[in-house]
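What follows is chain A paired twice: with chain B in the first complex and chain C in the second.
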Partner chain A sequence: MSVSYTSILWNKQKKAYDIGVLIFVLSFTVLFFGGHAVLHPNATFETVLIRNFGLLAFLMLHLILVIGPLTRLNPKFLIILYNRRHLGVTMFIMAAIHGIFSILNFHSLSNTNPLKSVFLSNLQYDSLINFPFQVLGFFALILLALMATTSHDFWLKNLGPKVWKSLHMLVYLAYALIILHVVLGALQNETSPILFGVVLLGFVIIASLHVLSGLKEQPADVAIDDAKSDFVRACNTSEIKENRAKIVTVSGERVAIFKYNGKLSAVNNFCRHQGGPLGEGKIIDGCITCPWHGYQYRPEDGQSPPPFTEKVETYHLKLEGDQVWIDPKPLPEGTPVQPVTMNNG
Partner chain B sequence: MDNEEFYIGWQEGASIGFKKARKWFFISSVLLLVIFGVTYLLVEEKFVDSYFDYGNLTEIQGQVVEYPVFGIRTEREGQVITVPLVGFGKFDALPVLNELKKQSREKKFNEIEVTLRGTLIYNKDKVWMELTEGMESILLIEDRLFPPIKIESVGSQMISGEIVDPKCFFGVMNPAYNKIHRSCAIRCISGGIPPVLAIRDGQEFSDYYFVTDENGQPINEAVQQFVGTPVKLSGTVEKVDDWKVIKVSSPFLSAVEYDYTSEMADCLSYK
Partner chain C sequence: MTDFISIGVDAFFIYLLIGLVFSIWFALAGAKKLDDGVAGTPWHFKLIIIPGAMLLWVFLLSKIIRKR
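The block that comes next holds the complex of A and B.
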């Protein structure tokens, strides 16, 4: 968390993360080039290079896509999520090397502009099996480029968290395009069913983890209010751990009700940084701390402590015995609300 | 007091539980990476035994031929072979052929011997040469009378195979066949490189035919849409030195029935 923009705020954890990514890339590249030198000496350098970086990007995309649901299933993986964008940018660089070399190798030094050639060489757009698979990879690369270039907090701030999040959800479209690119392209040259099986397994793992994490979150999405109600019962105070929250859904929005120092406060669950789940965060130094990237908000007014300026909606609460009631109507972002004090606090 | 671990990425340190998760994720990822990499290396399709002598220029002396394609007829290990000639990039070498015609003046190609310099492309017993330096590839033209070239007619045949761009196929790229190479092959053939029908014998390619029209003329434009896919061609076959030619009987291509006898996905024919 930083007041001004810097390219990367390095710390020990971030360095450890990036060293891990570097080891990942280097070890695969050494294995792949070395393996080809021994097992496939006839393969040309360009072919090995294109395949190496294509496969690396493909593998890294799978890792990126499993981190989100893994974190929902086990919060210990938040340490992987925090710097996920580093993995994303590295994956884009791998994909860009693959794409640029492919275009140079297959389309340059010809009678047509290389970029035009990508679209106009194979014209069997009406055939599934003969579809020009390079076009699919090209569009996937454009999406990855969009996400990589806007991954910095500068763009997050200027685009707004919802637009930014929507833009970065395009990773799923990119994944679909890449799967088709691989199945209609590289796999067509291979006779072993094992490689097809590996692609299928990757898809099954990603889909399963997303379904499992969705099922885990589903109970919090059941709305507890109806359109006419003022205060609705949210939960029992004993259901909320100290310095933690319970997430409920009112008026179509997830709301996090925090318990801290014998008090209760409710704020919108959507972190203004990247849309992280504030209700899965913790009160640290008197502030709600987002589990994704550590953005902080004061529970009593939903405002980030100065000099930060992020704000979330707040909600009125009331206590009847040990039952917590919430007014489903959100108050404007950053509106101070007197915390509810628990008698046995 | 809440002692539950919580992770904040902008802090210097992380608690042990999170560090363990990071270690587990990292080790699992590298392990998966190694397993995938080794599996890929073991199961990926074998590469054709071919070579592009990139960076080295070789001189070849012999007779210039125009049929079945522009090439230089020379001796290699006691055998007369034709080394087809292609240009730099995805282009034919016809500008060099035109220059040779100009420089040889009134003489026919069987009355002169030329020395050309270029980059060799090998594939088993087939040799091609890229005239990398363009016009500078022509080193020497001398008088010498060659006997006429014998063209042997083999008769009408129907042959199943794949139309490839020979420059890439015989060594510049590897692999250079099937759908993955189609776009590049289309560019090469559209640039004038003569199309070749490559025939598979099981897993390996074993025989090759230049594809021309019924008069032995280039047919590059018509074959483009069928490059990189399995085809069945019918036509008259000829043998010229170490090369075969299939002269298809009509310039019109049309799809016919699926060829159940081959592993091919679709089957096309010259009618």
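The block that comes next holds the complex of A and C.
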């Protein structure tokens, strides 16, 4: 969390993460070039380079897409989520190298503007087999560029969490375009079914993990209120572990009800940093701590401790015996709410 | 169709060109008007917001105008 911005807030974990990514990229590239030298000695340097960075970007995109569901299924995977932004930016750089070298290699030798040539060199837009697949890759690259260039807290704050999140959900559209780019490209150049099988396998893995994590989270997403309700029953106090939260959905928003020091407080579940699930975090040093990157909020007013300025919505709670009731109407971000005190602590 | 694509690509280039000019101004002066946290930031931070500003200049410009 920072008051003023810098390009990258380095820490030990981020450095280790980035070194890991760099080692992966370098090892893959060395192995890929080495493999090509043995198996396809006639392939040109440009061809191998284009294939290498295209495949690297494709693999990294798969990893990026499975990180979210994997962490929801098992918190042990949080370690690979920690610096997902840098993984995304690296993936974009790989894709950009693939795209730029493809345009230079295939579209810069005529008098036509190379970018226009991408769209005009093959006009069989009405054919499935001969569709100009490079166009799909181009649009995917634009989407990836939008996401990579806005992967910074400055953009999250100034675009707003909802716009930023919507923008970054375009990764699924980019994935669809890339799948079509790869499959249609392969249809024109490949005879082996292996590539199609691998692409299908990747899709099945991504789709299955999303469905499984969705099923796991489904109970929390069932709204416990209707539009007219005042206080609604959320849970029993015994359902919440000490210094942890129970996530419920009210007014279409996920809310985390925390239990700590014999008290209960409720805040919006959406961390203002990168949208992490606050309710899956715990109370550390008196503050709700996001499991993704450690951003902190005070449970009683949803504000980050000074000098930080992030705020989340708070909610009124009440206790009836052992039952926790919540007012579904969110209070403005950072509004102090007296915590509910439990008699049995 | 060829003309349509050609005009589209030209429009894209013009959009990016305006975006480039805007993004340099935005990094040097405009971002401060939008966000107090930008004041006093190092040059490398200003450098990394240029590509995003280049792509999203219409959104940012409208936001700055609305803020005024």
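Here is the rule we go by: the second predicted complex is superposed on the first by the 343 of 345 C-alpha atoms of A that agree within 3 Å, B and C clash if a C-alpha of one lies under 4 Å from a C-alpha of the other, contacts with A are read in each partner's own complex, and residues count from 1 in each chain.
The rule is short, and it goes like this: contacts are C-beta pairs under 8 Å (C-beta built on N, C-alpha and C of every residue); 3 or more make two chains touch, one makes a residue touch a chain.
On a predicted model such as this, the values are computed, not experimentally measured, just so you know.
*Asks:* Looking at the combined model built on chain A, do chain B and chain C fit side by side or clash?
*Replies:* Superposition result for chain B and chain C: fit.
*Asks:* Going by the contact rule stated at the top, is it chain B or chain C that touches a larger number of residues on chain A?
*Replies:* B
*Asks:* Give me the angle at the C-alpha centre of chain A between the C-alpha centres of chain B and chain C, rounded to the nearest 10 degrees.
*Replies:* About 70 degrees between chain B and chain C, seen from chain A.
*Asks:* Have a look at where A:Val222 lands relative to chain B and chain C in the superposition and call it first, second, both or neither.
*Replies:* A:Val222 contacts neither chain B nor chain C.
*Asks:* Looking at the overlay, what does A:Gly20 touch: chain B (first), chain C (second), both, or neither?
*Replies:* In the superposed model, A:Gly20 contacts chain B only, not chain C.
*Asks:* Could you say whether A:Lys157 touches chain B, chain C, both of them, or neither, answering first, second, both or neither?
*Replies:* second
*Asks:* Regarding the shared-chain residue A:Leu123, is it in contact with chain B (first), chain C (second), both, or neither?
*Replies:* A:Leu123: touches chain B and chain C.
*Asks:* Quick one: smallest Cα-Cα gap between chain B and chain C in the superposed arrangement, Å?
*Replies:* For chain B and chain C in the superposition, the minimum C-alpha gap reads 14 Å.
*Asks:* What part of chain A is shared between its chain B contacts and its chain C contacts?
*Replies:* After superposing on chain A, chain A residues 2, 123 contact both chain B and chain C.
*Asks:* Please name which positions on chain A make contact with chain B in the complex.
*Replies:* On the chain A side, the touching residues are 1-2, 9, 11-14, 16-17, 20, 23-24, 27-28, 31-32, 35-36, 39-40, 42-44, 46-47, 55, 59, 63, 70, 74-80, 82-83, 105-112, 117-118, 121-124, 129-130, 132-134, 184-186, 188-192, 194-195, 198, 241-244, 281-282, 284, 289, 291, 293-294.
*Asks:* Where on chain A is chain C touching in the complex?
*Replies:* It is residues 2-7, 113, 115-116, 119-120, 123, 125, 145-146, 149-150, 152, 154-155, 157-159 of chain A that touch chain C.
*Asks:* Report the residues of chain C in contact with chain A in the complex, numbered from low to high.
*Replies:* 1-2, 5-6, 8-9, 12-13, 31, 34-35, 37-42, 44-45, 47-49, 51-52, 54-56, 59-60, 63
*Asks:* Could you pull out which chain B residues touch chain A in their complex?
*Replies:* Those residues of chain B that touch chain A are 1-2, 4-14, 17-22, 25-26, 29-30, 32-34, 36-52, 88-91, 172-175, 178-184, 186-188, 190-191, 225, 228-229, 265-266.
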